[in-house]
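Lettered A, B, C, D, E, F and G in written order, each chain numbered from 1.
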Amino acid sequence: MTDKHLSTQFDAELSAVSTRVLEMGGLVEQQVALAVESLVSMSEERAAEVLQTERRVNQLELDIDRDLSSIIARRQPTARDLRLLIGISKTIGNLERVGDEAARVARTVQRLIGGSSHGLAFPTAQLNLEAQLATASLRRALDAFARLDVDQALEVIKQDNRIDAEFDGLLRTLITYMMEDPRTISASIDLVFVAKALERVGDHAKNLAEQVVYVVKGADIRHTPLEGLDSAVQ
Amino acid sequence: MTDKHLSTQFDAELSAVSTRVLEMGGLVEQQVALAVESLVSMSEERAAEVLQTERRVNQLELDIDRDLSSIIARRQPTARDLRLLIGISKTIGNLERVGDEAARVARTVQRLIGGSSHGLAFPTAQLNLEAQLATASLRRALDAFARLDVDQALEVIKQDNRIDAEFDGLLRTLITYMMEDPRTISASIDLVFVAKALERVGDHAKNLAEQVVYVVKGADIRHTPLEGLDSAVQ
Amino acid sequence: AQAQVVKIDGSSTVFPITEGVAEDFQKAKKGAVKVTVGISGTGGGFKKFCRGETDISNASRPILAKEMADCKAAGVEYFELPVAFDALTVVINPRNAWLKQITVAELKAIWEPAAQGKVTRWNQVNPAWPDAPIKLFGAGADSGTFDYFTEAINGKSKASRGDFTASEDDNVLVQGVSSDINAIGYFGYAYYAENQGKLKALPIVNPKGQAVAPSEAAVLAGSYEPLSRPIFIYVNAKSLAKPEVKEFVEYMMKHSAKIAKEVKYVPLPAKAYTTGLDHLNKGKKGTVFGGKNEVGVTIEELMAREAAL
Amino acid sequence: MPSTITLPQNPPPLKAESKNLDFYYGDFKALKGINMPVYENKVTALIGPSGCGKSTFLRCFNRMHDLYPGHRYDGSIHLYPDEVDVLHKSVDPIEVRMRISMVFQKPNPFPKSIFENVAYGLKVRGERNRSVLEDKVEAALKGAALWNEVKDRLDDLAVNMSGGQQQRLCIARALATDPEIILFDEPTSALDPIATGSIEELVGEIKQKVTVLIVTHNMQQAARVSDYTAYMYLGELMEFGETNDIFMKPKRKETEDYITGRFG
Amino acid sequence: MPSTITLPQNPPPLKAESKNLDFYYGDFKALKGINMPVYENKVTALIGPSGCGKSTFLRCFNRMHDLYPGHRYDGSIHLYPDEVDVLHKSVDPIEVRMRISMVFQKPNPFPKSIFENVAYGLKVRGERNRSVLEDKVEAALKGAALWNEVKDRLDDLAVNMSGGQQQRLCIARALATDPEIILFDEPTSALDPIATGSIEELVGEIKQKVTVLIVTHNMQQAARVSDYTAYMYLGELMEFGETNDIFMKPKRKETEDYITGRFG
Amino acid sequence: MNAKKTLAIRTVIRRARRYDTLVALLGLLALSIGIFTLAALFIDMAITGIPRLNSEFFLNFPSRRPAEAGILSSWVGSILVMMVTAFVAVPLGIAGAIYLEEYARKNWVTDVIEINITNLAGVPSIIYGLLALGLFVYTFKLGQSILTAGLTLALLILPIVITATREALRSIPQHIREAAYACGASQWQVVQHHLLKYSTPGILTGVIIGMSRAIGETAPIITIGALTFIAFLPPAPGQLNVETGQAAGLFDWLWSPFTVMPIQIFNWTSRPDPRFHENAAAAAFVLVLMTLSMNAIAIWLRYRLRKNIKW
Amino acid sequence: MAIAPPDAIPNPTVPLSLGGEARLAEFARLKKARQRREALIEGLLLLAASVSVLTTVGIVYILIRESISFFSHVPLWDFLTDTQWTPLFDDAHFGIWVLMSGTLTSSLVALAVAIPLGTVIAIYLSEFAGHKTRETLKPLLELLSGVPTIIYGFFALLVVTPLLQKIFPELPGFNVLSAGLVMGVMIIPYVASLSEDAMRAVPMSLREGSYAMGSTRFQTAVNVVVPAAFSGIASAYILGISRAVGETMILAVAAGMQPTLTFNPMEPAATITSFIVQVALGDLPHGSIGYQTIFAAGLSLMLLTLCFNLAGYWLRKRFREAY
């Protein structure tokens, strides 16, 4: 065929979906950042903004999922195309859950603001660090997805440990806080959930990265121990 | 066609996958029950058993997902068939996460057993109740899936509130425990996570139920508020 | 551009003579006059002639009453001019050694209608002849030859047995007789003359009791009886007004004798041609036969008769 | 049984509409009371099991049945904007065919040159001016994504091209006369997936200029190329609606059974 | 370019194998050094763009090319277990065809009764006993899922059946003689999705008894019915492997481009 | 497959193969009977006739002297008659076939016409002669001219041309018609632009088969009164008449008397003088060669035209 | 779910961008001119088509007109039952059966040659011979039908009959056998060529189907090709029969023109056609009863061929190729 016509329609549809996924990713990323910010600055508005975005993310998930099934129903995707669609389907699920975690953080912030624990000292720096790690992970995973970059995806997966370690540290710190001043327990438990949420963001970023590997290599590396990773990707 | 041949192969493949999903569901259900049991009886073996099962569940998730994509690649499913496949894909994701929660509980049990909090009094009854509610929800959701019973699925969705309420109550109880005796904080935090895990099981059961509605009715009711549910399903 | 054309049609028997004359005449006139000669049989020829479509009609028998009526109806008047003799020749296979001559009666016994299906062996005709099947070959029932032969032998025109091999094409008959030792057949003299190697002409016992074989001399002498017949051309009287037709007829009367010989017919005595021309010039129109075929008339007799339309 | 017709929320302008259309082959009633809209600049797909009357319905639009004896139309097919009833006795079928082109199942180029094939419709319309012809042929070939492949051999015989090229040529031939509607009767069933793909792309593109009605046996093709889908069964229109809905959420059990292959 | 051949981990027993197979139509080399295994009681699909040599390759297996002048085989196709080379000069093509049946693109029943069609192969093999014939015909028709439809009209002319039924009849005809391999050359391209579905079911079932080699233009069909898939291009075997792998994780870019429709 | 089964199959095959050999041999035998007859005929004609084939034979008029006789008037006549025949039969036949195949409704009338045409093809040619005599010669007064002969033979081969044209039209796939109609073509445009062009090879074949038949026909020409002796050629258009000084009109030759090859042959074969039979053989040889070359042209044309027509 | 009644479908809102008024006006103009031209052409074509019908009408008219006056002299009953045919004799008999027997016998002999040989040749050419062989042999064979029949006549008389006489010394010099045999050879190409065409037209897919079952060529030809091509082959046979029945010159030359009621091919016989040609060339006065016999005979011949053609038509209808 001289005229390069072939499958451009399908490709157009695919890239439209991919774009929306990235849009959703951007939204979610922003959501997480906002949530952390609202926590650190105890800002009611930021928290509200997060919850606002949450609705858009949910809608995006529904939309993209509908598009995906319509594409599958209409085009008979195979190989990489199909993996991409499946990968996207799992990716948006994860993104939505990241959004949920951010919303959870935002709701905690709202509760904290409304609560009595106002003047409490928080391990803000540590929380911030975990938040940074998690968002970075998320951003890198989304980036890997945008470029279908397996190496970067593997990087993300391998780095998940660090967030987990950070979470453990944070948890221990919070327990110390609580033991020192039982009045903070209620608020601290909230922070535990926040930390947990951030840790889950990291997990989801890892899941995203796994999907990138699946899309590109066709290898499903979920539940694969880190050691086995490189050989599975070959 | 007099000979009823048509699409029986596809139907056979579909039902093979469905069977495995139900098998996975059964495993997960059992896992949750075991996890709760291990917690209540502080049984090391039960906990180990849960973790054992976890690997099988993970494997099932991978297998079923592979089968799903292979079916999509090979058969051009549309309408209900496609929705079923997509529903299954989301269902097994949820089931796997239920398994994860059960594993989390089991790991907590292991930690509790290994820890120093031996003689502590726990709000076992309350935990047990939440666990009962969660597993019941899960069982009913799986049942609804097996029979593609929309009414039962809607039931499950509407009842999710009860588990959430139970969790809130439990959380408050635990905070009380912690405040009373700061030595139990560490162990209580573990229990908070257990309670959270059970609450999540309920959430996942709800997600399963949503998929049933999607498969049967083609209506994606995720993120739909309870009030809007009935009209969305029409 | 009305070219000068002389149109002749009719009998196939007469054709070779007319053709020869036409050929020479055209050459003599250096192509200024065109002559066409067709073959539609004597009957077909008269049909056209009596519609005024042809100038001259070849005829191997005299014009018949029906045709005379047709001509009359169309206002066609004509001159009847004999141009040559045809000697109907009875032939047998050259290997046939026992048959030397034949009488008219014997011929009749063989050919008469009553013989059909009954007289099938030679010895039924004459016990002296062998007990062998008779294979009969004769002219087609629609030919002048057939009419003449039946009239001459069976006494009635067209009265013949039907179970013989008939052909319009005399070569076919030649072939038939020459390939069968028990064969007997009859056709025009020319075909015998050209195939003397393959055939044997059977002498006919004439009314005077002589067995005469066909030959120019015998015919001219009038001794080959009753199987020699004159053949004619009929000339449309109106056409004679056209100089080319007149010229052609005159040319024909002058040269027929020579050409008849060339094509193995027996020419008439020279006087017959001049008498013919005479009749023409005197306007002696019509036929001398009165619409019937006749056998055994001599040429002199004919020339003397009064013609009628 | 009444048809299930789901009209879009904001329907695009109508290009044609069949109203209570019955069609008979002799005594056999092949179409039964078909009511269906055809929207302007949209692709409408007709699907259904073999013998359900898809081709019959399609061929009513350009009065192709008039070529054969013993046909009978009842009801009407209105063509907009002038609302002429193409099936009406007083309407000249040739005029209808000048407005509605058709592409057939098997590529059927005339055994003439590529140029003459594409120019044919124009010649029939009395166009003789060579340079006009050349321009229109080029435009049509470009519209059919064939120009680059054939521009250097416009005088070659069309039948020497590959099947996919031939079918694109037939599309160019149909396009050349600026038709208002193009009918496609299983245009790719004789082609391989590659050629099929290129034809499908093409259908997607030409709908910007013309309205397309396409019959196909290939469910996915209907799903891929069309905006609206009509499911026919035993001469009746069972369901009509937006393609996405028909394929993801058919309203009728029969439609679902058919598109999922559980029919029969 | 060497073919990418991914053999399964635990290969099933071999039924046939082509070794360095070249095929020429006159001077045109239509197949180039094809090496490919055919596993017993499995379905192997041949896919590839039009003209890539799928049919040509398939028709080597039963020496169908022998019917036409100007062909030449190089290399071999071994048939197991007896390892006879079906392409060898000394091997009688009729004997090969008695072991390897074929079903064609367009259903081609003989203009005879249904019974005669199915019994034809048996008669050719010298079977005259009516009751044996009846039994085998019944078994074959059952195997082709046609018995219930035709058992009351075995004496009807086969050409009066529907296209799908005719194709199943042709399968019954092929089955009746207990072949070791059945070759299918695009057996459903002339059929609608329903009939196609039933043929595909059938292929899935008969592979329990015979080995199947199928050419198809329909990617999904290959994916649906086959255990192994071979992708051919320009007369070469590009990739061979388990169907799932070929469709989900093709090794070669060319294969992937083809199955995803990005070829060309 | 076990050895026993193989053996059994081989026996069956061997038995079946015997019939193959038998039929092939029979076929060859049958063919050779035909070919042998043809060769015998041809060689026979050639041996007898070829010595006569010199330029004079072609340039001389008939004569009573065998050695001088030639076929000039007859071969010219044959060619002219064929021209008229072709000129009349081809357009009439094609037009009639087009009407029957493309325009006429398919009903019992068409059936009757169809039977009528097959039947006409089987009517002995001499009956056409009778018809022509009554119609052309007597009713229309066309005389015994080239025109009459041409028309008669045209009627004779009309069914052949019609049938061949209909076959050719029928072999044009319906989808070509549909394609043309779908482009908005009217019925006549479809015929003119497509059907006529694509059926040309088939029509040509029919025409030439018909002409080969016509050129050998004897009986009807005799009936209408073709001449046997004619020692001049029809006037060429513009040829000056020596006598009248008038130039011949463009179509004067149509009204001219004529003769044709078969009549010449027929006449010569029935001559007593065997040397005429040699002439007949020579003329027959020429006639067969004429037929042959017409067929050759047909094959060549068909091949050339078919090359560009594929569906 | 919106189930819309048909008239609820909204009307178009946007006017047609292409064309519009001008375009429609142009169409209307084209239409007028076109319709006039089409009507004229159809009329002309109809005229041409009617020529063949008129020819038949003419033939039938002429045959019947003359036959009527013939049958006013000769009772139909005699015509059909008399066992002698001597219309030109003084003692005229008009038993058409005599000529019919000759026609039928000679046709049977010819067909006994042409049909088996033609069919075998067709099978051989279509199923056994290679492409080259077929392409050379078939035109060669078709030449057989291009030879003027009068030449066949002499061939039968001068070559075949003497040969036959070597085998059957009793055989007369003129006989139906030799004429029929030669006529059979002449008809071979009609039968073979048309049958071969019909067999060729059987789609290759059917043949492939048969070969794929393990058939030999013979089995394929007999079981698949011939049945599938049956109607075409039947047409070829019918054409052959028509040719045989209508053949004139061979019989006129070689069969002996002897009107006897016999079905024995070893005897000479006259056929309807040879009788007609004989009379047409002869000296009979036109309009005489003898001359009219040729029309009665011609009418019988036409009826005979009509019967065969009707049979052929029926056969073709009944066994239309169905593959």
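Descriptive notes on the structure:
The rule we apply is simple: contacts are C-beta pairs under 8 Å (C-beta built on N, C-alpha and C of every residue); 3 or more make two chains touch, one makes a residue touch a chain.
Here the structure is a predicted model, which is why all the values come from computation and not from measurement.
Note on connectivity: the fewest chain-to-chain touch steps from chain D to chain G number 1.
Shared contact partners of chain C and chain G, listed by label: F. The most distant chain from chain D is C, comparing centres defined as mean Cα coordinates. When every chain is reduced to the mean of its CA atoms, the largest separation from chain A belongs to C.
Among the chain pairings, F-G comes first (most C-beta pairs in contact).
Inter-chain centre distance (chain E to chain F, centres taken as mean C-alpha positions): 50 Å.
Once the centre of each chain is set as its mean CA position, chain C and chain F turn out to be 37 Å apart.
Between chain F and chain G the centroid-to-centroid distance comes to 15 Å (mean Cα coordinates, whole Å). For chain G, residues that reach two or more other chains under the stated contact definition are 34, 214-216, 219, 277, 280-281.
Counting only residues that touch two or more partner chains, chain F has 13, 16-17, 186, 222, 269. The set of chain B residues that touch two or more partner chains comprises 1, 6-7, 10, 69, 73, 76-79, 82-83. Going by the touch rule set out above, the chain pairs that meet are A-B, A-D, A-E, B-D, B-E, C-F, C-G, D-E, D-F, D-G, E-F, E-G, F-G.
Put simply, chain D touches chain B in their complex at residues 219-220, 223, 247-250, 256, 259-264.
On the side of chain B, the complex with chain A involves touching residues 58-59, 61-62, 65-66, 68-69, 72-73, 76-79, 82-83, 86, 89-90, 93, 171, 175, 178-179, 182, 185-186, 189, 192-193, 196, 220, 222-223.
Taken in their complex, chain A has these residues touching chain D: 1-3, 5-10, 66, 69-70, 73-76.
Only residues 49-51, 162-164, 189, 191-195, 197, 217-220, 258, 261, 263-264 of chain E touch chain D when the two sit together in their complex.
Residue ranges of chain E in contact with chain G, taken from their complex: 62, 64, 67, 69, 94-95, 97-98, 101-102, 104-106, 108-112, 120-121, 124-125, 157, 159, 170, 173-174, 177.
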